[in-house]
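Multiple structures follow.
Each of the next two complexes has chain A plus one other chain: chain B in the first, chain C in the second.
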Partner chain A sequence: MKKILTLLLSAGLVATATQAVSSPKEDLEKFRMYYEQRFPGIQLDDFGNGPYALDASKRLQWESMEEFPPYEDYIDKGSEIWETPFKNGKSFASCFGKDPSKVRVKYPHWDKASSQVVTLEGDINKCLKDNGEKPFGWKKGKIAHLGAFLGYEARGQKINVVIPDDPKALEAYEEGKHFYYAKRGQLNLACADCHIQYPGHRVRGQLLSTGLGQTTHFPVFRAKWSKAAANSDGMGTLHRRYGGCNKQVRARPFKAQSRQYRNLEFFHTYMSNGLAINAPGYRE
Partner chain B sequence: MKKLITAFGLALLITGCNATTPEKPASMKAQYEVALKNAQAAVEKAAAVDGEWRDIRWKKSKKRYLPSAIKAAEAGDYKKALKLLEIATFQAEAGYKQAMEQKNAGPRF
Partner chain C sequence: MTKLTKRLGPTATALALCIGLVLSAQASAADLEAGKKIAFDRSKGNCLTCHHIEGGTLPGNIGPPLVAMKSRFPDKAKLRAQIWDATAINPHSIMPPLGRHRILSEKEVDLVTDYIYSL
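Our next item is the complex of A and B:
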């Protein structure tokens, strides 16, 4: 009996250890395979369309919305921001390069020098500060407009987040992964509970999307945000959405661009590697 | 026997009086101060492990149990303050416990 128990315990320990050391590549394979098996009829890129890939009636509504997309004006505003020179005569092109279509696909990435995950929004504000300009707010407004423009320019390119073989980068990735799977808040829910266990199910009137493809369409125009804004601007960044999700499970949200959310973005976007960028998106 | 009955009656009277006498504000204030310290420590402990819940003190929460308790105490309503601190402490301790339990959370399909 003792031997059997020891054997079972050892097997359990080995299994736990294997899970703990799974590489990002292995995580990605399991993540993708899960959704492909659960939703066999859906093409990989279609996961980037969130709930509209899962429900025919929602898809019809969304497609009609896309005929005159509400985010269009904000792409134009973002383009203006991109083109407008700073007081010192330089512009965003001085920081990101002349071709705006090559920007979005580089983010998020690991920066070895600062030992942290760098996001597009982080670099937009760094560029402003470096050129003596006032940084934008982190979650909405100009930062989301510029992100919408850069996302639109990058449409069709494949997400390609690289997790370098650097212990600190792997630590950041693991922290992001842990965040995604850890239950939090008074409702005791993890990101994974809604987006891995229950995609396709409803939470009140909303259809839960799959974790796969969730980052491809950010920044996003949300009807809910538009309704709440005095100027009807419904654009928001990924970190705005993270904060909203945490708030909904009654956890205290972290600040946009906090280490926690940057690392979550690192993991979360890596899980959508190979999917096409389709930003900006429209969501309810 | 008479003495025993008298003593028992007296004891009952004293207990009854104690139960019905409202607590003096001074003792409520002392209780509040201890409860506030405990609540603050519990909240910091939960925050240190990223386990703080929304309604304890977050500026956009409508409830904000901890700041509301302080406000109630400032207005002299220690009873309300203590009740709010009880909730804040409970939520902070639960948030910490949750974060500890989720320490090894990972992929589950």
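Our next item is the complex of A and C:
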């Protein structure tokens, strides 16, 4: 434990009140190096497989799931949503371009004009509204199906979030970073506590994934979600997961697509720059 | 000397009584059972999320297994302090401050401390 703490401290990964502001690039280098030293031998892209990169027996179970992946139907549904014209005759291609494989890699990004982080989900609903259609729900259902299709089409491309040298963009990034390291909720836990200090350890039966690679495979099919309720088919967006991780520490979750979660996504996805997109993923 | 003992007599008896009281303040079986229940309950102590405890199913392994506690915490007050607010001892601790954040009441922290101390 002491060794880990020293490593964390030297990597500057333990949030302290006096934390000096470092550049996103420096943060990324430290973040990456920390996991590489902690889990030597794991290939960079493999971190995108979450707990399955860290535990051989979990990996075997997962690989057998992947033979007939439960998310396949939803990729097909997403493809249909992509193809189906709006009432005005246009379709999603009018907003995102004709090639569905080129969409996912553009998100999240900083939008200078509106001075905010724009996410794929945000643009999906914007496209619907701009075309006089009813927007989708934010966390599951059609938005996740379309996301699954666009993620699948983009598989293998590298995450490449750009943090422009613009004070407002850096502020958004800092807010997201702070979110990840700040203790919150009645249980007083930070994302970093679980996913930086203790990846590879178990909370009850669940193996904690590394913060590195945590966003590459969203939207995700989660077995737990598929059993959650009749209107839940297992597919969920990243912000749905954020809400879940907030709730389990007894903190009030923010709204999906709130500024807080968009900024968190900005930081969190940037930290996985260079890893291959492998959406949609399967998780237990 | 005998004079002194005689004079101290009543005080010494009182002292002995006090010690006796402290010793008999050892938790009853029912209290231990109540402490265990709180420790295992997911909506209360939920210690198994992170610690192996004898008799608990699906323990996590974030914190050390809770065994031989008397040898690790000869001073029970220190054990209680760890449970009350682990971050007072290690500011980076992931262990929730069960007392300070009112996850458990004073009484519940006492019961859990007694139970953990018995392990």
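Definition applied: the second predicted complex is superposed on the first by the 263 of 284 C-alpha atoms of A that agree within 3 Å, B and C clash if a C-alpha of one lies under 4 Å from a C-alpha of the other, contacts with A are read in each partner's own complex, and residues count from 1 in each chain.
Definition applied: contacts are C-beta pairs under 8 Å (C-beta built on N, C-alpha and C of every residue); 3 or more make two chains touch, one makes a residue touch a chain.
Computed from a prediction, not measured in an experiment: that's the story for all the values here.
K.L.:
Superpose on chain A as described above, then tell me if chain B and chain C fit or clash.
P.N.:
Fit.
K.L.:
Return first, second, both or neither, reflecting whether A:60 touches chain B, chain C, both chains, or no partner chain.
P.N.:
neither
K.L.:
For A:253, select first, second, both or neither according to whether it touches chain B, chain C, the two together, or no partner.
P.N.:
After superposition on chain A, A:253 lies in contact with chain B alone.
K.L.:
Just to be sure I read the superposition right, which of the two partners does A:228 touch: chain B = first, chain C = second, or both, or neither?
P.N.:
In the superposed model, A:228 contacts neither chain B nor chain C.
K.L.:
Looking at chain A, which partner touches more of its residues: chain C or chain B?
P.N.:
Residues of chain A touched, chain B against chain C: more for B.
K.L.:
Going by the contact rule set out at the top, does A:188 touch chain B (first), chain C (second), both, or neither?
P.N.:
A:188 contacts both chain B and chain C.
K.L.:
Applying the document's definition of touch, where does A:198 land relative to chain B and chain C: first, second, both, or neither?
P.N.:
Touch status of A:198: second partner only.
K.L.:
Quick check on the superposed pair: does A:27 touch chain B, chain C, both, or neither? Answer first, second, both or neither.
P.N.:
First partner only.
K.L.:
Once both structures are overlaid on their shared chain, how near does any Cα of chain B get to a Cα of chain C? Whole angstrom is fine.
P.N.:
7
K.L.:
Indicate the residue numbers of chain A shared between its chain B interface and its chain C interface, in ascending order.
P.N.:
186, 188
K.L.:
Considering the complex alone, what residue numbers of chain A touch chain B?
P.N.:
Those residues of chain A that touch chain B are 16, 19-20, 22, 27, 30-31, 34, 177-178, 181-186, 188, 190, 192, 196, 246-247, 250-254, 260.
K.L.:
Could you pull out which chain A residues touch chain C in their complex?
P.N.:
That would be residues 5, 8, 14, 186-189, 193-194, 197-198, 201-205 of chain A.
K.L.:
Which of the residues in chain B come into contact with chain A in the complex?
P.N.:
Touching chain A from chain B are residues 47, 50-58, 60, 91, 94-95, 98-99, 102, 104-109.
K.L.:
Using the touch definition from the top, list the residues of chain C that touch chain A in their complex.
P.N.:
Residues of chain C touching chain A: 48-50, 58-62, 87, 92, 94, 96-97, 101-103.
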